[in-house]
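Consider the two complexes below, in which chain A is the common component and chain B and chain C are the respective partners.
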Partner chain A sequence: MGNLVCKGIVKKYKDKVVLNGVDLTIEEGKIYGLIGRNGVGKTTLLSIMTAQNPANEGTVQYDGEQVWENRKALDHLCFSRELNALTTLGPNTQKIKEYFKIASIYYPNWDQAYAEELMKQFGIDQKKRISKLSKGMLSMVTITIGLASKADITILDEPVAGLDVVAREDFYRMLIEEHANSGRTFIVSTHIIEEAADVFEEVIFLKDGNVLLKENTVDLLDRARHVTGVAEDVDLVTEGLHKYHEEKMGRSKGVTVLLEEGQSLKENAQVTVQPLSLQNLFVALCGREE
Partner chain B sequence: MQELFTQEKSIYIQISEMIETDILRGILLEEERVPSTNELAKLYAINPATAAKGVNILVDAGILYKKRGIGMFVSEGAKEMILTNRKNAFYDNFVKAIVDEAEKLGISKEELTKMILEEK
Partner chain C sequence: MSGFSRTMKYSFHQAWQRTLVSLGVSVVYSLYFMLMDDTLSLKEFIQDFGTYLLFVSVLFMTIYGLVSAAVNVPEQISFGCVRLHAALSLSLSNIFTMGFVMLILVGYYAVMPQFSINDNLMLFLHGFEGMLAVTGLTAFLSVLVMKFGRYAYIGCIIVLALCSGFFAGFMSKMGNDFLATANLEFIFAVASAAILIIGNIALAVYSKYIEVKA
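The block that comes next holds the complex of A and B.
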């Protein structure tokens, strides 16, 4: 096992700069949550990290080895991409079973028994054709490929899109179980932030073509506060702190702060101080600016 | 250990409080093994590192202890320790909050005392 290190990744689609110099280190043995708004470049970054898409500038290395066109490094990585019922050539008439067969050739540590077990847990018949699967079932197949690949670093791009709440909970459990048993590294991108927050050891917020922050989830939430009250009191209490997403209404004000090491809010009984959920924090940091 | 999480507190603090409550209720007995961080992680579908952080609070407080290679155990006298800690925290967590809120509402100390004496 090893770390996956991105340095200075730049990606442009024609004139549009999607990623502008991303530096990111994925350390082995953790579950990462990759969070960002639509179109911010999550999938682009993930595909560059796994050499499925060339970057205009920058390098990606796994355990010190260049990832691009390097089988030796790529054997440790799995990017289980969203599966489509339709291909450019028409409906994808392949059976799940056949799709697994291809995966078993592509991923050197493929675990067929585990893949079959997961399909059973999801309640899907492997003889089904991919074109006949619902959106949720397609997600289940994508998840199964990722988990059964047994790759050291496994990337799941919006694995829970299309899954109902029961299947989503099943997925989080499967992920934690596999991670606890094997110590594999996972990167999971998602828009359903709140319910997945407890699964991520670290979160990565992507904004404006770059990494806004990468931090231990618990530590990040521990230093986030929402302060509300009379505007002057709020200003007094939060003076000199990093403030985000100020909202005013009449005489009142609400603001999100991120405390740095050694900082604290000034004591004042007149303001309300609350913890934030990861979702609230994401909106405060990456939401629309006024 | 089947409580649901709230949004108000960090998950790792909730994990440590749940284990404490289980010790107080006699669900976990002294000198008995507690679930491992991996078991807790799977049970609650939370990251094992977060579960470990919760357990370590109790190890640092001497409420749990590690037996190398076997797991985590409830210390002798843990129940007593938790009760003492909770009593100490009672002033900060409850008394202060009640007095603060009473002040905001303009309830005098005398009125507040009367309310407490009349409760039950």
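The block that comes next holds the complex of A and C.
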């Protein structure tokens, strides 16, 4: 196993710059959550990391080796993409078992028995055509491909989209079990942040075509504060700190801050200081600017 | 397993499926003509079946080749296949299909007591050249399909239909004897090989720009 290192990734679609010099290191053995708003370039970044799309600039290396057109490096990577039942071409024309057959050709560590076991757990008949599956079932196939690939770095793009809460719980359990058993690295992109927060060892926030932050989830939440109170008091308490998000309601004010090492909030009994959930922190950091 | 072996395995998997479809369609097509034409003798029917199989499989290789460009190549890349190999699999699967069809034809004529394989040597030769040319042409047209999407499909199909029409017209006017001259055989063989090589080079060069989409 090794690290996946992206340096200076730039991706443009005509004049639109989607990724603007992304530097990112994915360390082995961790579960990452990739979080960003719609259209921020999450899937594009993941595609470039796995050589599925070419970047305009920059390099991606796995364990020191270039990923692009390099089978040796690609053998360690799996990017299980969201399937779309609406298209009439591609995997949709196949039965699930045929799709798995192709996966077994290309993933050197493919575990067919595990794939079958997962399908059984999800209650899906492998003889079904992909085009006949519901959105939730498509997610289950995506998850199965990712987990059964047994790739050292496995990337799951929106794996829980369309899954009900029970199935989502099942997925997180399977992910943690597999991670504990194999020590593989997982990158999971999702919009359902709150319930996944405990699963992610590290989170990556993507904003404006770049990585806003990449940090251990517990450490990040530990230094995030939401300060509310009368505007003057809040300003006093947060003086000298970078304020990420401000909400004003009459004389009251709410501010989100991320405390850097050595920083602290000034004492003031008139303000309320609360910790933030990952979702609220994401909204504060990546939400619309007021 | 090496990367190329995986591509071979994938192409082989695609090829036997295509051969089965081609064979099935040819059987239906031949039976339809036999039932429609009272004057057709069994011997003529047996002879014609081979021609139909060749025609249908060449047609299917072209269609499947173009569909593969938009479907199978990105699919392989999404599974971590090297682009050059994924692009090459387009031609490989056609070449395997060609091999399967040829084997079926050889077997078919070998078990028919009325015919010797020598009687059908020209059929095999033209079929072989046609398949080579189609494989190369498909690889070349695939670049257009991948670059311009559905509009290129329509364009390619119109071009292929026009080419087939012109060729059929040319053949009916000049007659099969025209093809029997040694020089033309040589020109056809070289042209087929050239199309195969140029088409595959074009596809290999273009493959680095392919983007896998959801």
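The rule is simple: the second predicted complex is superposed on the first by the 284 of 290 C-alpha atoms of A that agree within 3 Å, B and C clash if a C-alpha of one lies under 4 Å from a C-alpha of the other, contacts with A are read in each partner's own complex, and residues count from 1 in each chain.
The rule we apply is simple: contacts are C-beta pairs under 8 Å (C-beta built on N, C-alpha and C of every residue); 3 or more make two chains touch, one makes a residue touch a chain.
Predicted, not measured: the structure shown is a model, and the values here were computed from it.
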Practice prompt. Mind checking the superposed model to see whether chain B and chain C fit together on chain A or clash?
Written response: fit
Discussion item. Quick one: is A:Glu177 in contact with chain B, with chain C, with both, or with neither? Answer first, second, both or neither.
Written reply: first
Item to complete: May I ask you to decide whether A:Arg71 touches chain B, chain C, both, or neither, giving the answer as first, second, both or neither?
Response: second
Item to complete: Could you look at A:Arg225 and tell me whether it touches chain B, chain C, both or neither (first, second, both, neither)?
Response: neither
Item to complete: Look at A:Arg168 in the shared chain and tell me whether it touches chain B only, chain C only, both, or neither; answer first, second, both or neither.
Response: neither
Worksheet item: Of chain B and chain C, which one touches more of chain A's residues?
Response: C
Item to complete: Could you say whether A:Ile105 touches chain B, chain C, both of them, or neither, answering first, second, both or neither?
Response: second
Practice prompt. Give the angle at the C-alpha centre of chain A formed by the C-alpha centres of chain B and chain C in the superposed arrangement, rounded to the nearest 10 degrees.
Written response: 150
Worksheet item: Which partner does A:His245 contact after superposing on A: first (chain B), second (chain C), both, neither?
Response: neither
Discussion item. For A:Ser277 in the superposed arrangement: first (chain B), second (chain C), both or neither?
Written reply: first
Discussion item. Is A:Ile31 touching anything from chain B or chain C once the two structures are fitted on A? First, second, both or neither.
Written reply: first
Worksheet entry | First, second, both or neither for A:Lys42, with chain B first and chain C second | neither
Worksheet, complete the sentence: Min C-alpha distance, chain B to chain C, superposed, in Å, is 27
Practice prompt. Using the touch definition up top, name the residues of chain C that touch chain A in the complex.
Written response: 1-3, 6, 9-10, 13, 67, 70-71, 74-85, 208-209, 211-212, 214
Fill in: Residue numbers on chain A that touch chain C, as the complex places them
43, 47, 50-54, 69-71, 74-75, 77-79, 81-82, 84, 89-91, 101-103, 105-108, 151
Fill in: In the complex, chain B residues that touch chain A
5, 7-12, 38, 41-42, 44-50, 53, 100, 103-104
Worksheet item: In their shared complex, at which residues does chain A touch chain B?
Response: 30-31, 169, 172-173, 176-177, 179-181, 198-201, 216-218, 221-222, 269, 275, 277
